[in-house]
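Letters A, B and C mark the chains as written, and numbering starts fresh at 1 in each.
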Amino acid sequence: MAKLTLPPVELVRSGHSACPGCGPALAMRYLLKGTGERTVVSVPASCWTIIATGYPTTALRIPMIDTPIEATGASISGLRAALDALHMSDVQVVGFAGDGGTVDIGLQSLSGMLERRTDALYVMYDNEAYMNTGIQRSGSTPLGAWTTTTPVEGMARGKGEPKKDIMGIVLAHHPVYAATLNVAYPEDFLRKAQKAASLKGPRFFHVLAPCPPGWKFASDQTVQIGRLATDTGIFPLYEVENGKLRVTRKLGQLKPVRDYIKVQGRFGHLTDAEIDTVEHEVQASWAALLQREAHP
Amino acid sequence: MTRLVLSGNYAQSYAARLARVQVISAYPITPQTTIVEQLAKFVSSGELPAQFIKVESEHSALQVCVSAAALGARTYTATSSQGLLLMHELLHWASGMRTPIVMGVVSRSVGPPWSLDADHTDTMSQRDTGWVQIYPESNQEVLDSVLESFRLAEDLAIRLPVMVAEDAFYLSHTVEPVEVPSQAQVDAFLPPRVPKGTLVPGKATRLGSYVGPADYVRFRREQARAMERVPETLAAIEEDYGRRMGRTYGGLLQEYRTEGADAVLLTMGTASTTARAVVDELRAEGKRVGLARIRVFRPFPAKEVRALASRVDRLGVMDRSWTFGQMGSAATEVAAAIQSSPRQPRLSSFLAGVGGRDVGTALLREMFRDLLSKEPSGLRWMDMEPLKEAPLHG
Amino acid sequence: MIEIRFHGRGGQGAVIAAELLAQAANLDGKTPQSFAFYGAERRGAPVVSYARIDDRPILLRTAITAPDIVVVLDPGLVEVAPVMDGLKPGGTLLVNSPLPPERFPTPKPAFVATLDATQIALSHGIGSRTMPIVNTTMLGALSRVSSVVSLSAVQHAIDEHVPARPAENGLAAIEGFHTVRVAELPGLPGGKAPAGPVAPALSSEVPEAPIASMASDVLHTSSWRTLQPVITREKCTRCNFCWKFCPDNAIDLDAEGFPVVRNEHCKGCGLCAVECPPVAIEMVVEGGA
């Protein structure tokens, strides 16, 4: 019998309301295995508002406070302030927000929280669109992706702008720890969650969390597609501690981005030439990342 | 008890300090700034061992308070005008989650055009966000109201947020003597918060949640019931406060010389003080007039207004804000309150003091003259004349 | 006026079915109304939508509680959703199922109609095995078993309003029209529907703040699935990958380290089967077959 590579404690209950194969449901599960039972989580309007199930039930075994979509950063500052005032500084404070709630409407609040050095972990689970409202584009939707507000019709070819560089934005605030994570790599996820939980000060996670209905793939492909995101170099896994960057999943040869793009309906319209462009950009940014690791 | 000469804003800060608030969060806006500057001093000097979270917006300020209060902390914030408007969504979060936050508001006009002066448009536009609203008329009352507000907000039968709204400049930047109670007096009156309905680390609870229509309406009904309990609860709190500190303010509607009055003017905030002086003058001249001050606007003192209406033939209401197509904000609510009264007094609505226009004795005398002589005619914009010859600025 | 309720699964097109019916009825010269209340429904979760059709302007803007017609887009829903609720005596129940109508006894006397719409839709390349899109096939069948809409209007509505594969959807509607079987059933003794799933009881006391603390495990999300995992113990190497990747925590490990699917919670996503290195897990159609 193989040893468990994740702690058996389950702080996310069954019966939750995520779609079958939901990446963000896995993200919460892995995260809380790392931060533990003495965690308080703030969840803004997002898919997780629904996943956590309606009154009178809750899908978490820890306290959760609902938060307006734009205020996660402020909310976790408030939770931390109260815990400090009430002499419960040992409790972990986590904000668990979607990409839209982070890179768009919640960016100001996130920046504020980082700048005032709130001792909390802000987790952005990235399903690359506003999913809870029915798949509209967000600042984190990748170039070329179909969404209901970036249709593929007439001259329109999906989203016309590249994804916002949230890690760049966050790192410019010099958090004590920031990392990219992927639900397809739970052991790496867990290690980073445990590491973050051991540190004090503002911390940030960018979690790739594939969404079957939003990305248009079958519900059994969540982990396969998640792996491809990292192994093609599209979503590299790394961490930055006190400004020092380390790639946590080393890759020899990158897999072709085609492997990742071709299996998702949201990219179904992309031509070979368009995919080649993405390929070049991914290779360039992967090389740049290795450079940053080698020469900080 | 020490007698200090304080501004209304400092009265807020002193009260928050005496209440031993644990979490403060605020963003600067004129004329609220000196409240939080003073609190920052108290915190930095160690006089107030609180967490002061400096945020990047009023929106975040109130969110910090909501989340902190959700874990059981005693919280305070302060704002004004545009800042209060930016908080709008959060005002509902605070009341919907039943967090007992106390907020100082310096009531100010709303731009555009920019204006920094006394006006009630900001607070009136938030009157149905589920907050108790108190409108003191003196700096002493500001301090006393903030202390009473914490007791009220945290009362387990209430658990609603409270705003204490003081008129810009007429209170915020006016200094006058204030009796400041000792810490021991305040501690005896206001014990530490007893958390209920809060999050507890280690306990699986979700605050906020997601509900169907049947539960939604049940939670809203509970909130409305809590509001309905405010008059009685506040009366008991005031009585206790009066016993300890020697001051009370007469519940939701404070009447002055209304016995045998032919006409009574209803006011809010600082105009009430001047109006009281005018009532004294007019009474001395043999006119049978009185004053009723709406001290608490939410919940609206409908019962008290009806009782007044059953005794008086003519009611006038002075407002610093209005409802389009209706009358002044308070006048509209007075009209709604008295329509089920057995006797229907004639009702006049006076709009004055808008955007900082001064409400002087002459203007108030004119309102009483109108009340006693003219037929009511909907909303009357007072004091427009000098506008015509007003010099153009810049 | 005829009132219709559609039962489907999130992502299966129940809302579109009701809207398409409204478009078709409009082409027939009738006054239609269709509506749905959006909530927390996720993919696979049971959802409902509604339609009213009349010859005159419709003066109601309220929920439908006693439908004349109930259309069930997914056979599994008869077991897990209250599909018979309020169906009028003499009304019509139309179910997507390969089984004969007699297998769906109604509480009160009613016409019951069935057709294998899943098979029809798939044969025309509409939808997938886990999520067949049967709404157009079902509308074709509806036009046969009731006078509420004509087949030609359904076809026109499909042409105008179905963006993907309108031709195939039109053919599926025609096939639905021709294959549906109807039986007039007498109703059950006592006039009671078989007991459906029980929703968690609401406490009569409302806490003042909206605080939820009941464990979500009481919610049996297996009602969402159309496929279920079956583990072949002999092939299992006890690597626990399936446990690790289940987004619903629906797999427990027994004392020997073998995975056990908690059936009431598994949503049938199929992730465990794809991630199982020795392919010890197979996804089979819910309820056997």
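Observations on the structure shown:
Here, a residue touches a chain if its C-beta (ideal position, glycine included) is under 8 Å from a C-beta of that chain, and two chains touch if they have at least 3 such contacts.
The structure presented is a predicted model; accordingly, all values stated were derived computationally and were not measured.
Judged by the touch criterion defined above, the protein chains are all mutually in contact, each touching every other. Every chain gets a centre from its CA atoms, and the centre nearest the mean of all protein CA atoms is that of A. Using CA-based centroids throughout, the chain positioned farthest away from chain A is B. Of the two chain pairs shown, B-C and A-B, the one joined by more C-beta contacts is A-B.
A straight line joining the Cα centres of chain A and chain C is 32 Å long.
Averaged Cα coordinates give chain B a centre that lies 53 Å from the centre of chain C.
Averaged Cα coordinates give chain A a centre that lies 43 Å from the centre of chain B.
Shared interface positions of chain B, defined as residues touching 2 or more other chains, are 97, 203-212, 215.
Residues of chain C found to touch two or more other chains are 40, 202, 210, 212-213, 215.
For chain A, residues touching at least two other chains, in rising order: 50, 52-56, 58.
Chain B makes touch with chain A in their complex at residues 22-23, 25, 50-51, 53-57, 59-61, 63-73, 89-90, 93, 97, 199-212, 215. The touching residues of chain C, counted against chain A in their complex, run 10-11, 40, 42-45, 128, 130, 200, 202-203, 210, 212-221, 224-225, 237-240, 244-245, 247-250, 256-257, 262, 265, 267-271, 273-275, 283.
The touching residues of chain B, counted against chain C in their complex, run 96-98, 159, 197, 203-212, 214-215, 218-219, 221-223, 226. Taken in their complex, chain C has these residues touching chain B: 39-40, 202, 206-213, 215. Note for the complex: chain A touches chain C at residues 1-2, 4-6, 10, 12-23, 25-26, 29, 50, 52-59, 186, 212-213, 218-224.
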